[in-house]
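Residue numbering begins at 1 within each chain, and the chains themselves are lettered A, B and C in the order written.
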Amino acid sequence: MILFFTDFGWLGPYIGQMHTAVVGYANTIPIVDLMHDAPAQDPKAAAYLLAALAPAMPAECVCVGVVDPGVGTDRDAIVLRTGNRFFVGPDNGLFSLTARHSDAVRWYRIVWRPETLSASFHGRDLFAPIAARIAARTTPGQEARCPASASWMDGLVTEISGPAVSPEWADDIDEVIYIDSFGNCILGRRAMTVDQHASIHVPGETLGAARTFGDAPEGSAFWYANSMGMVEIAVNKGNAAERFGLKIGTPVQVH
Amino acid sequence: MILFFTDFGWLGPYIGQMHTAVVGYANTIPIVDLMHDAPAQDPKAAAYLLAALAPAMPAECVCVGVVDPGVGTDRDAIVLRTGNRFFVGPDNGLFSLTARHSDAVRWYRIVWRPETLSASFHGRDLFAPIAARIAARTTPGQEARCPASASWMDGLVTEISGPAVSPEWADDIDEVIYIDSFGNCILGRRAMTVDQHASIHVPGETLGAARTFGDAPEGSAFWYANSMGMVEIAVNKGNAAERFGLKIGTPVQVH
Amino acid sequence: MILFFTDFGWLGPYIGQMHTAVVGYANTIPIVDLMHDAPAQDPKAAAYLLAALAPAMPAECVCVGVVDPGVGTDRDAIVLRTGNRFFVGPDNGLFSLTARHSDAVRWYRIVWRPETLSASFHGRDLFAPIAARIAARTTPGQEARCPASASWMDGLVTEISGPAVSPEWADDIDEVIYIDSFGNCILGRRAMTVDQHASIHVPGETLGAARTFGDAPEGSAFWYANSMGMVEIAVNKGNAAERFGLKIGTPVQVH
């Protein structure tokens, strides 16, 4: 399975062109669009979100992660391997939290290059093709496409000791990392690190915990452990981001 | 084939997580996103829309229907079977119109439970996995994944006489049930129940029928039998919802 | 592989219904949604965009192209074949630029008709089913579904000398043909036809070329050869369409 996690949005031909790159190489590997509205041009917030989503990915999969403001510069292209999960994308910290929360971590630099590599769309030209090749070589029944001697690495990557960009981001941060279309705000903090009686201070209000939306009166604000296991600020039938002026990166206080 | 019919929208990881749940279990079952902008949190309007879409579904398929304001409460999780079509979702009336317009109707309560069931995302944790298991057990060539003795029901569901929630919604309603991105308004009325010479009264205007958009002068309003077989109010190169102040649930008069 | 290129948008059941039509006929043919925000109701702009995307399609594929303001009128339904790429859609000029830039061009009129053909949704009722049948008959391993004697054409199409609608659109046009969600504006001009030192005149400003976004100072406007090989006008961290008042069809000057 190949999963896409990008900040491209659903408009334009960009998602379709990445799918084409996969299907054109290996047309029986399932593709899942995990999300295409990752925090735009914000590898830090996206790193926390991806780390929250990674534990529920299948034990064997390839995830293409593209939040890549440095495309076209000399930043490297890398692969993170955690067990039999592979993460393919730019060397800009995007995979750093996923690596930190995983066991059996290995890093690789992508050395394969396509015939033509555009300056602005490595998702289509580099990351999706690499993902297709890794998936084809590591998925039982798919190896037929591969040279007889090929390990999944041959000609694609070389192992490295670690990524060039390894930011000192904390394990958990009390900042908004994602706002959904209803205005619910996910923090970069795993719910398991917070006491159920904790309060969250946002501008003008202090929020207690609820188990789910139905447990809070209509119009009231609360925090809860969301379905990814992250702390999320919400208003029952309301818009928390608007009400409290929260944006991606806004700090809050958790006590 | 598994079809998704939800009100989740395309943003966030929610659709992708449901796909992952299916593919992770049975990776050769085709998935179709029928729509993800079903009337939000409105099982009644969504029930009419789903019933309009159901007749064109393949004779053998599993449809995951999630318009579920009661998620996290004690509402049941059910399966409607009409012939070899299965509908998986909450027991809140969402499948009631589909059942009423179908033959060979049977109902089941979902008894299977995942290792962990979140309070807020049964689409990922319960409905998609059940759909994958039903599809795997009822799709020729897929049964290999299944225990040798398993009927499609074993360990998943138990048959019941009917759903707990069975609203007394009419067969057809003269209310708006869906508004598309161009402002065209679908009513909860099957076109075959309306005379072609009927008029529809909306605030400030009376609309006659047209066969298609091209038959109405630019800027004029009309109703027509849409491609789902439902009555739809439209303005040629205009926005009917804005012009007449129509929202989901707004009543109109058909004579 | 079947690719969809439409102006339907992602909302409503329309994309899902076209997918269902394909999967219901031939459930192992991969489907890619190339894009669903092609220039709305604008076959001319869409023709330039499709021609820009076609060269990167797989050598063997079927592309359903639907930008079809004339649906429900007596316009024909056609197939363009370029090598082993097939383009299925309305006879309104949409495929004209793709044909002009291709070798080995052949044209066909669709003669197959479904049991019921709606007046408003030929994408679901005609184009997607035809695409599924062509793909099934031309994809190795899929022919089992086909009558033993069937060539890909039998009962589906008849060859014609050319489309009925063959507009005299230039090979390249200095007009905006697509605006992405960030306000970047693609012109109907292939970058290979423009000198790298050329300037583009937009209302109030003259733009020079840059290789990529990172090469332009923040807030400055420029043009560049985008990842489709087309000339694109952009503002680094800004919105070119808003800044210069550009819309689809707006002419600019390239010197």
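Methods note: a residue touches a chain if its C-beta (ideal position, glycine included) is under 8 Å from a C-beta of that chain, and two chains touch if they have at least 3 such contacts.
Predicted model, so just to flag it, every value in this text is computed and none were measured.
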Chain-level touch network, classified as line, ring, star, complete or other: complete
Copies chain B and chain C - rotation angle from C-alpha fit, nearest 5 degrees: 120
Averaged-CA centre spacing for the pair chain B and chain A, given as whole angstrom: 30
Per-residue overlap in chain C, given as positions that touch at least 2 other chains: 10, 28
Contact set on chain B toward chain C in their complex: 1, 3, 10, 28, 30, 32-35, 37, 53, 56-58, 178, 180-181, 211-215, 224, 226-228
Residues of chain C defined as touching chain B within the complex: 9-13, 15-17, 19-20, 23-24, 27-28, 70-73, 118-121, 124-125
